[in-house]
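Structure incoming, see below.
Lettered A, B, C, D and E in written order, each chain numbered from 1.
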Amino acid sequence: MLGAVEVKMLKAAQPDRPDALTWVFLGLGLLLLPVGLYLALAAPPDVNQGYLARIMYLHVPGAWLGYLAFFVTFLYSLLYLFRQDPRYDRVALASAEIGLVFMGLALVTGMLWARPTWGVYWTWEPRLTTTAILFAVYVGYFLLRGAIEDPELRRKAAAAVGILGFINVPISYLSVKWWRSLHQTQSIDLTTGKIHMDPAMLQALLFNLFVFTLLYLGFVRFRSLLAAIEDRQEEA
Amino acid sequence: MLLRLQAISKRFGRDWVVRDLSFTLQRGEVVALLGPNGSGKTTLLRLMAGLLKPTRGKVERLGQALFLANPPAFHRRLTAREHLLYDLAFHGKRGDWEGALVRFGLPEDLPLLAFSSGMRKRLALARLTLLQPDIWLLDEPETALDREGRGLLLATLAEARKGAGIVLATHDRHLVEEVADRALELGAA
Amino acid sequence: MRVPAKGWPQVAGGGRVGGVKRVFLLALRDLRLEVRDRSGLLSVLAFFAVMLFIMALALGPEEGPLRRAAPGVLWVALAFGSTLLSTRAFALEVEENTLDDLLLAPGGKEWIYFGKLLFQMLLLLPLALLSLFMAAGLFYLPLERLLSLFLTLALGVLGYASVATFYAGLLSRLRGREVLLPLLLFSLVVPVVLASVRATLGLVEGLPLGEVAPWWQLLLVFDVVYLTASALLFPLVMEG
Amino acid sequence: MRVPAKGWPQVAGGGRVGGVKRVFLLALRDLRLEVRDRSGLLSVLAFFAVMLFIMALALGPEEGPLRRAAPGVLWVALAFGSTLLSTRAFALEVEENTLDDLLLAPGGKEWIYFGKLLFQMLLLLPLALLSLFMAAGLFYLPLERLLSLFLTLALGVLGYASVATFYAGLLSRLRGREVLLPLLLFSLVVPVVLASVRATLGLVEGLPLGEVAPWWQLLLVFDVVYLTASALLFPLVMEG
Amino acid sequence: MLLRLQAISKRFGRDWVVRDLSFTLQRGEVVALLGPNGSGKTTLLRLMAGLLKPTRGKVERLGQALFLANPPAFHRRLTAREHLLYDLAFHGKRGDWEGALVRFGLPEDLPLLAFSSGMRKRLALARLTLLQPDIWLLDEPETALDREGRGLLLATLAEARKGAGIVLATHDRHLVEEVADRALELGAA
């Protein structure tokens, strides 16, 4: 009797298909993506770099959303450890995965940008290095998950990596300040709140940031759901 | 009440090993855990100790629980004396380790890697008598012991039950008859 | 009570032992086990020697490049030594199945973490000092600022070891830990190693202390963050 | 007999198995165990990547010193990887106490040595190739003479692994093997590593093959001597 | 004659564990090895198997000997089927591994790390019946087995003795009475 009620409650807590909000985020994000790209192409060229600077509208939101995603992973990992509810772990997992995608986007666009401006795709410069390490942490996060069979230990271990690994986010962000080198310092400095950027460029950038955020939210909700379904299959 | 399991279940992968089991252990009780090979005795003991977590249900412990694995685990580079002293220290206890070693017929200064299986079992019993847990969880405690060792085990259990609760998993029906107040029989795997 | 033979510490058996005493006793016991195996300090040291030796030979006889490379080589060697030792700290328990007994000791579980960490630091610090001397011989490393150098080593090693111990504990129950550990660990400690290398390089190249100090601060921040986070997380991941 | 599921090799159960088949089966089984731990190639690879990565960072961004350092770093990494793998090859048996069962199989005991060595080579060779590519990316190592480079790697790795496997077997019954192993090992294999570094350096710096060949000959001699000596001694040290 | 010990002695450090012991095992014989804890039973079995070397004296084996340790040793990542198949291959033998698994009531495709202590003991027995050694050296083979498992052990021994010689160390006097032709009693340590 109790078992039946419990199953019902679990079902209610874990729907089989994405809810309306998820679809709204995803739909709106995908719809606005071309608008953002149009704004990016219409934005005024940079004084030094000309039209090349337009990569920025993918590069910077990608990197920031990566940071945000890892922050969410950090947060939900903490929540998981304190509440021991697998739902938090699934959000952490989803966010880490989407974060890897966004960070990957920032890395790729950065490399594409680096080639014409610095002459190489890659150098061992602090920002690039710390970003690569950040990327590696979350690759490790998934390798660890793959290595542990026991679901509970897997969640705990992953949560620990999600928490400890987050320290690389501030390191990556601040690396341009700590080690002044090739990569450009912040135009929108989140630590001091100062903004050095042309308003038109800023508008386009912020719009793209908004679109990316919508996409992020949609994807995380979607991926958490998939994880829930996977979990249920594992348990069945 | 020393230990209470409330409708606990444990699953490994897809197999349920323990299902909806409830159980209470009182001080002064000796409970035998019976069942064929693979029925979940060891798993249940580890759940009681808190070394495993139940998939469902709750385990409450109102006292210090210690688990005697089979075969017992020791650092082989330490002597019996050293091992007992460290164990006492880690548990913040004091006790007559020398008397215990004499009683269980164990050499003091031999590294444990030179101990035979029966000597290791005796040392594990000596360790428990010194640490005096409230809940004794013993997995096949009678194996590896010779006749004298079995006598020591029986004496130890008789003494321990005065202040503690004991759960022991075993296949030895004679032992059950000799020491257990009641039995918990687990089904086949 | 009989007088204990062979330097048994007069702590045990003396009534209720506090958390700190437990930590020390655990570190002491592990050191003792390590010494009995006759493979502790000496062999890690040999490993260090060979690594420094091969690298010195490979990097050629000129003084300039050798000196520049020294901090990097030194830190890679230390990092590996630390990984080895932290794995061993838990391998000791896992091979003998004694981890369960430690986990069932009354009170919290942090003391196990701190005991294992202390054990590691007690082995690594003398080791770091010795490898500093070896590097001085092989890589023309100047030793005038020995104290500052050692401070750098201590800060860096602590940051490294705190995470290494945590992960070694976490992974101790998995097989294949020897290889999974570096993977997880290094992405976390590369910042520590980088900061340490920079500080060491600054000291070697004779920069004023004012310019090295920021690196020390950074290392200190890492140490504190890693240590607290690991100590808090350890009991959580070890239970059940 | 039932059709075996999940890719079971059609060798077993097929009557008297010769020595060579046994060797292959043992290597195969160890590979399978390694893969089940989900920590085989992939994680050792990660370990290599990390080592190369840190060294590249530590040795600074200029191309010249990096390229010069590459062979040394590569070989230290390979040596370390080989040590890890050979320890693991026997740790598998020791942790489970199954070495006795292997030793009680009928016939000589050499096959165990060769099986473990084969297991190691099967993991190390692809690994060496991959780390060559990584080094090419990180250390500006030119890859034009890939075949010669790979020959050098294969010769060097074989020499190293043959001794490493022997010692790992020898020490497998002692505790503390992870750290004791390098001590004994390195004194024997430093010549192999040095010869390999020299040959690699020659290839990287574009010396004519004629000047590299003597190193290869030397490596070949080492391989043959170490391999025969180890294979002959192995049964002796494992018995009783 | 399958196995002959000629005045063998074994010393660990300064302690003599076995002293001047002579012994012969014939095909078809079951010999029980008795003695209190630490009297040298396990040591003697390992000497017989050739896993230890006697300090003095000679051990002759005229056939394949296998030793069943307590607890038995397996690779935990393999399944029972895989383990048996590799074992058969390493010994250059073939055998009905499927029948053996069914007979001993073991699952085929579960990794051995999920086996309980009794299931491991059963697998060890299945392994021996498949490998059919001439000399069976068993260390406390009856422990960890439930009633059914004990029955299987007795049947296995009865079958094996037809073509082989068996030495088993045990503390179980009932087992000795049931299966042994004669006993070799070792003194106290």
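Operating definition for what follows: a residue touches a chain if its C-beta (ideal position, glycine included) is under 8 Å from a C-beta of that chain, and two chains touch if they have at least 3 such contacts.
All values reported here derive from a predicted model rather than from experimental measurement.
Visitor: Along touching chains only, what is the step distance from subunit C to subunit E?
Guide: Minimum step count, subunit C to subunit E: 2.
Visitor: Using C-alpha centroids, which chain lies at the maximum separation from subunit D?
Guide: Measuring from the centre of subunit D, the most distant chain centre belongs to B.
Visitor: Can you tell me which chain lies farthest from subunit A, using the average of the Cα atoms as each chain's centre?
Guide: E
Visitor: Please compute the C-alpha centroid of subunit A, do the same for subunit D, then give the distance between them in whole Å.
Guide: The mean C-alpha positions of subunit A and subunit D differ by 39 Å.
Visitor: Express in whole angstrom the distance between the two chain centres, defined as the mean CA positions of subunit A and subunit E.
Guide: So the centre of subunit A lies 59 Å away from the centre of subunit E.
Visitor: Could you tell me the distance, in whole angstrom, between the mean C-alpha positions of subunit A and subunit B?
Guide: 49
Visitor: Take the average of all CA coordinates in subunit C, do the same for subunit D, and state the distance between these two points in whole angstrom.
Guide: 27
Visitor: Residues of subunit C touching 2+ other chains?
Guide: Subunit C, residues with two or more chain partners: 37, 174-176, 180, 183, 187, 190, 194, 240.
Visitor: Residues touching two or more other chains, restricted to subunit B: which are they?
Guide: 13, 53, 76-77
Visitor: Where in subunit A do residues touch at least two different other chains?
Guide: 129, 140, 143, 147, 152
Visitor: List the residues on subunit D that touch subunit E in their complex, please.
Guide: Those in contact with subunit E are residues 1-2, 4-5, 8, 11-17, 21-22, 25-26, 29, 32-33, 36-37, 92, 96-98, 100-107, 239-240.
Visitor: Can you name the residues of subunit C that touch subunit D in the complex?
Guide: Its residues touching subunit D are 34, 37-40, 42-44, 46-47, 50-51, 53-55, 57-60, 65, 68-69, 71-73, 75-76, 79-80, 84, 87-88, 91, 95, 174-180, 182-183, 186-187, 190, 193-194, 197.
Visitor: Which subunit B residues qualify as touching subunit C in the complex?
Guide: Per the touch definition, subunit B meets subunit C at residues 49-53, 64-67, 69, 73-78, 81-82, 85-92, 94-95, 97-98, 109, 111.
Visitor: Along subunit C, where are the residues that touch subunit A in the complex?
Guide: So the residues of subunit C touching subunit A come out as 163, 166, 170-171, 173-174, 176, 180, 183-184, 187-188, 190-191, 194, 214, 218, 222, 225-226, 229-230, 233, 236-237, 240.
Visitor: Which stretch or stretches of subunit B touch subunit E in the complex?
Guide: Those in contact with subunit E are residues 12-13, 35-38, 41-42, 70-71, 114-119, 121-122, 140, 143-149, 171, 189.
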